[in-house]
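In what comes next, chain A is part of two complexes: it sits with chain B in the first one and with chain C in the second one.
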Partner chain A sequence: MSELLSMVQWQTLDTWIVVVGALCGMSCALLGTFLVLRRMSMMGDAISHAVLPGLAIAFLVAGSRGSLVMLVGAGVVGLLTAVFTQWIHRAGRVDEGASMGVVFTVLFAIGLILIVHVAEHGSDELGRAAGVDLDPRCVLQGALEMVHLYPVTLFGVSAPRAFWITAAVFIANVAIVALLYKELKISAFDPALATSLGISADWMHYLLMTLVAITTVVAFESVGSILVIAMLIVPAAAAHLLTDRLGSMLGLAMIIAVIAAVTGHWSAINVPSWVGFDGQSASTAGMIAVVSGLVFSLALLLAPRRGIVSQILNRLALSVRVAREDALGLLLRAEERGGTLTPTELRGAVRATGAGSGAVSWALHQLQRQQLVRHDSGRLQLTVAGKARATELLRSHRLWETYVEEHFHLPTDHVHGPAERLEHVTDPALRERLADTLANPTHDPHGRPIPPNDAT
Partner chain B sequence: MMLHQNRPLVSDEASKPSAPEVVQRTADPVATGAEHPETAPLSMHDVTVAYHRKPVLWDVDFDAPEGHLIGIVGPNGAGKSTLLKAVLDLVPRVSGIVTIFGRPYRTQRQRVGYVPQRESVDWDFPVSALDVVTMGRYGRIGWFKPVGRADKEAAHAALDRVGMADYAKRQISQLSGGQQQRVFLARALAQEADLYLMDEPFAGVDAATEKAIIRILQELREKRRTVLVVHHDLQTVPEYFDHVVLLNMRVVAQGPTSEVFTPENLRKTYGGRLTLLEEAAHAIKRGGHG
Partner chain C sequence: MPSSVADTGDRMSTGVTHASRFVDELLHVLTLQDYNTNVVVVGVSALGLACGLIGSFLLLRKRALLGDAISHAMLPGIAGAFMVMSALGGSGKSLVGLLIGAAISGAAGLACILLIRHFSRIKEDAALGIILSVFFGLGVVLLTLIQQMRTASAAGLESFIYGKTASMLASDAIAILIAAVVISIACLVLFKEFTVLSFDQAYAQSQGFPVHGLDIVMTALVIAVMVIGLQAVGLILMIAMLVIPPAAARFWTDRLHRMLFCAGAIGLLSGLFGALISTLTPRMPAGAVIVLVAGAIFFVSMVFGTARGVVRRVVEHVGLARKVALQHLLRAMYELREAQADCEVTPTVLQEGRFSADALQPRRAWNGGELQQAIRLARRAGYLTPDSRGGVRLTESGANAAIHVVRNHRLWEIFLITHADIAPSHVDRDADMVEHVLDPAMIAELEAVLAKTDPALATLASPHHLPSAGGAG
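After this line comes the complex of A and B, so read on.
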């Protein structure tokens, strides 16, 4: 019975919570992408605090908490924050972060004073209205769970007031980003060129900051001031790790925002009962931020190129390849001297070049599987294919030794090291250009023969 | 502000609309050029730029002759980059007049191509090489309009011209320094300008790229484009540039490389002792803080 009830609640309330959370998140992700790319992530933080006096003044002037009035107030003060920050930064030669800190704390303080003033001297109705905004819980976390309390009927549809506002702001943001896509892109990437082409990077900056201020205020009401930062920055930062095109970064950031809203609300309902708080639910806004953080961590770990795991794998693959090539070279040199090596001797020799024992074992395993090396009564021998590959490597190595000695005038006993590193990155084209440059030498600085190109 | 006798009207030019024969681009390249200084690709008159009261450029007088490769040479902090930015209205001028083909820059944006220093942008930005080159077309495309097929093709052609067609789809952080510089050059080419301003296009590039870039600059000169290049390597100045501007806050010397690029002038530009002007600048700076 209670389960049935919670199902009913999901349909009426939870859907709206998720929809409003997702709309807020997508609006923030869209703008946050440009903040992250302009390395101005903290500007979102600054503006979300600085809009407070804007809200208070708008409230004092208009005497109401009407959404439009609040948005105008927020937009104006958000723009002022950006202008003041820029001005202090340039005129006062103050670091941009510091000037941001000065501006937003001062504005935030003014906002607090104004609101307290309204609460004490305004009429009772106004005072309480303003006081509600200052409820610490509400400022930090918003009131996403209460969206359904203020239904508004528009176009014959009854939906929570927060839905209409967040939807309008989302559509406005999408429209502006779509319309000014290339202008936003160029002024984020290369402000100097943008300005020289007549697309003033300063004006684009102010436009973006105004949008951030308006979006922040809307999100403020639903998810609270702290979590706005999570919505602005985290999905965009995660998307930046996952893609290398601006268009897909914008799309991915919005998808992550939706995932965070859905999963965040779902876990707000369910996670507390797992950890023993039956019958309670956590703050949805808080959980949205937590889920965003988790998505970011996953991206940081698993992103295809920039992720930690892929970087570790790349490094491992490289060290195995180097160990494999070193093993081939060592076997060929042993053959040159008329000998062979036991697996233990080869292992030791490759380890001596600096390879880890895991990499060496894996490299020897690969060489045998690829039939480049044969294990024959306790000794290791190169197969025909293995010898061909090893000869190429030896040729690269000895050509590089010759080159390094000739061009950098290093003593003969110093040329092995550089050649050892260079041989692993030398492709056939580079090798033959090298040979041409050196006029096809036959012997390296140590007097050992350089295998000719057609030896393979 | 003193007026030069040979150009008495120059201070009026910015305010009053230029005469039609000055505005019009002459089809015959021989008819334009140095003999008409008021239609010079770039004319700077008494330009002074200061950052926080400290002068960076002082009284710069300079006419760029059309169809030449012009090197801007001087020590660090001589104001070379600032000179380019002053032309592009990227830094406020304390005084002076800059005209592009006889008219203010803001009316001539499409005739000027700009290559900023490579380090001035974030190469981790999520765009491809082709995206970056396409940005050179944004001024032509105009506000609000999306990038069209013709502009994409022009960007492709520009990439091809610098030998980077195969890298069009690469994200720009995956390019080497030399390749990034080529992309910047391609972007300027995509601007299809008549005057190019390039800030150290040879900085940190490999020898092959340097040769490729200089070849393209020479092609531009053959088409009577004017190219100003901020350059650091004194060794290659006579080889690369037919004109040179020796700059150290003010113009020490300017003219054909063979006449101007002399040890005497270089000593004046790079000289160890402070010039009187620099001493004055220091005094101003001290006064500004006092």
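After this line comes the complex of A and C, so read on.
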């Protein structure tokens, strides 16, 4: 990292930007996890737009951009957004997405008009302050790069004002989530169960919405209204792909938020010069969103169990295993008839079961490497181990044929297909239960012998 | 309607001293003499119409917020197109180029949403949020770079976000008009297909409709109208126009073709009045004013809508509650009489009985005024007459109604016992909930079903034990 840092002039300012960005990101990720789990991600979008009039009114009332007033204003309007959305959704029976859309666009429009009003009719000082804090561009992009402009000294430490606020909100969020962890968890996964346990799911909903509103406003100042959504949802969604446990999802989401903040700022300084914009920097907030998006796409592709790559690999591994087992079965049947197969014959026969040629080649290669099949003067022969494995498969296959014929009353020429599919997923225990159920038959419906169980 | 425009305008005007000038201005605007105003009014109204039509299908498919995500996802396309065109030596502001960029990145965003939804366990809402914010973030990054480019001026690109409605050009208005016409025609021609797709996609597929093709056409129409409208009215207004008019129209009708018409009309009116109001208050952002007009129409629709409006539903609810109260009273009277008379209950027997509130009170868990109110309702309906010795008597119509109500109740009870295997001690409450909403056809069917199992249903005695005359209910 130190090499990377030395590429540019990393100053105290950059550290503060990263720290504030990371604190914002972690606060958002903490709440976003619950939004994602409750399938209410777009509520983050709605609230982050809708707090605008809250800010403007707080500004008009207080006459300054005092943080506390702003937070209260935002909290109230955020809560109102949630209440109105619920109200229109329930009283008007409007689809939840649509009622969100109605509420946030109208509130945003009111906010926009109020801001223009403040900027034009306020006193000079007020107007200028409004212009700085609430100007439309700032609303969209935030002013993370300007955190250092407002230093505040607290506890004998001089730090940017944004740092103190984001730190306070982060601590508050952590405290509330820790205190109400069980309640939030239950109402996120099963609101009905929560209600039956005496936890008010509605109350949790509105608490969460208020927290989202307050956090949004704090993050708003730094990263802008749309990019707050990136901080709320993207790390949480990425974490959702990586784990099934709520605790680790919260932790992962926060880690991803920090990674996004650090990498985002670093790329905002460095990436422009790579693409021909020498000596310039891009919006850090924008870059944090982009980096979060990249982390999400990596998770989407590479997540251990749910990633697209591992899904594809699993599917490939399965088809190779099926091809391998089919090959063993075919060799044993050929042996039963007193013959052997050449590699070409076997390949053709396995492909006829529907396997791809790549899977077949890989399967034959594996069989020889595992010494289940021996290549002997142009013919393929089962080794002792191979024969044992193939016998098990054949036993499963013929037991299933018997079972299917007996219980599903399929004609004899229709039992091969189901048995062919089932033999690959039958373990020894199931196989012997099957034999017990069928009273240990010796021959399958086609009259061929069912190999006995070697283990007994 | 002109008076409401005047009212709103008045409130927003700067002062009384400007009143006469304001009136001139107002007349000037309302008579559509001003070329600029005409362009804006025509453009925004046509946009409202187009959005209302196509948005209706989005609403029915529960995809109202898809427009939100797509419109935000267009920003990097706009910024990227600007950079590419500047790099190639152009001005960077060729509208066609910018719009092509917007369409491409909007479509890419949509593709990513579908991809995420299909390949992972991330739900649609989170997928929308991710694409919306990440694409927008990329757009912001590109915009900050453009602002630092020496070769080109980026002024105006942000109008894609907030819109520059007031300075809409005639060419913009014409483009919007063409889009509105195309979308209206498409909605007419493909009405049946879009309807099936919106209500039951699986059915559409089974009927051989090219579902994916239709989906693409519908989404392409949405993207087209957003691309064209975005620059004229801005991002937030585009979302509002796609969501609010259809949601408002839904309150007025349950029929899709009427809803389309209604949504188009509401979109058009919002655009029209929003644009008119904002020309009178030039400093107010026009897009925001239009959203507010649409929001006001939505609120009025939600309250007064004739199909699903809150007022109508409250009225219906009160009506049902009254009907239920009345039927409870009549049944209580019947059962009281049945316990006293010790013979078959006929209208005459019922009419002979005199009922006092004290005798009726224990028959049911009536609280305070409920019994009195039910008696008042019944008297108003002509079911009861006051008796000279105090209390009330059933009139002939009241007696017949009571027999009818009790018959429904007991038919339903017997049905529950014989066909739903519910214990006789439990059927009274279940029947109580259903009896009020049984229509005559249903009763006839019940009778037919029950006649098969038990021909001796003529007298219709209660299938469970009834409290005696003095007993508590």
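Here is the rule we use: the second predicted complex is superposed on the first by the 442 of 456 C-alpha atoms of A that agree within 3 Å, B and C clash if a C-alpha of one lies under 4 Å from a C-alpha of the other, contacts with A are read in each partner's own complex, and residues count from 1 in each chain.
As a convention for this text, a contact is a pair of C-beta atoms (placed from the backbone, for glycine too) under 8 Å apart; a residue touches a chain by one contact, two chains touch by 3 or more.
Nothing here was measured: the structure is a model prediction, and the numbers come from that model.
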**Asked** So, on chain A, is it clash or fit between chain B and chain C?
**Response** clash
**Request:** Please work out whether A:Val69 is in contact with chain B alone, chain C alone, both, or neither, and reply first, second, both or neither.
**Result:** neither
**Request:** Based on the superposed arrangement, let me know which partner A:Leu60 touches: chain B (first), chain C (second), both, or neither?
**Result:** neither
**Request:** May I ask you to decide whether A:Glu183 touches chain B, chain C, both, or neither, giving the answer as first, second, both or neither?
**Result:** first
**Request:** Give one of first, second, both or neither to describe whether A:His240 is in contact with chain B, with chain C, with both, or with none.
**Result:** both
**Prompt:** Is A:Ile226 contacted by the first partner chain B, the second partner chain C, both or neither?
**Reply:** second
**Message:** Going by the contact rule set out at the top, does A:Thr195 touch chain B (first), chain C (second), both, or neither?
**Reply:** first
**Item:** Contacts of A:Arg39 with chain B and chain C, given as first, second, both or neither
**Value:** both
**Asked** Looking at chain A, does chain C or chain B touch more of its residues?
**Response** C
**Message:** Touch test for A:Met249: chain B only (first), chain C only (second), both, or neither?
**Reply:** first
**Asked** In the combined picture, which part of chain C sits where chain B already is, 58-66, 418-426 or 454-462?
**Response** 418-426
**Message:** Taking the stated contact definition, name every residue in chain A that is touched by chain B in one complex and by chain C in the other, in rising order.
**Reply:** 39, 93, 240
**Request:** Name, in rising order, each residue of chain A that touches chain B in their complex.
**Result:** 37, 39, 93, 179-183, 185-186, 188-190, 192-199, 240, 243-246, 248-249
**Request:** In the complex, go through chain B and note every residue touching chain A.
**Result:** 52, 85, 88-90, 106, 109, 112, 114, 116, 120-122, 125-128, 131-132, 135, 138-139, 141, 143-144, 146-147, 171, 173, 187
**Asked** Given the complex with chain A, which residues does chain C contribute to the contact?
**Response** 59, 62-65, 68, 72, 116, 119-123, 125-126, 128-130, 132-134, 136-145, 148-149, 158, 161-162, 236-237, 239-240, 242-244, 246-247, 250-251, 283-285, 287-289, 291-292, 294-295, 298, 302, 308, 310
**Fill in**
Touching chain C in the complex, chain A uses residues 36, 39-42, 44-45, 49, 88, 91-95, 97-102, 105-106, 108-110, 112-113, 116, 120, 136-137, 140-141, 224, 226-230, 232-234, 236-237, 240-241, 268, 272, 277, 280-283, 285-290, 292-293, 296, 300, 306, 308, 311
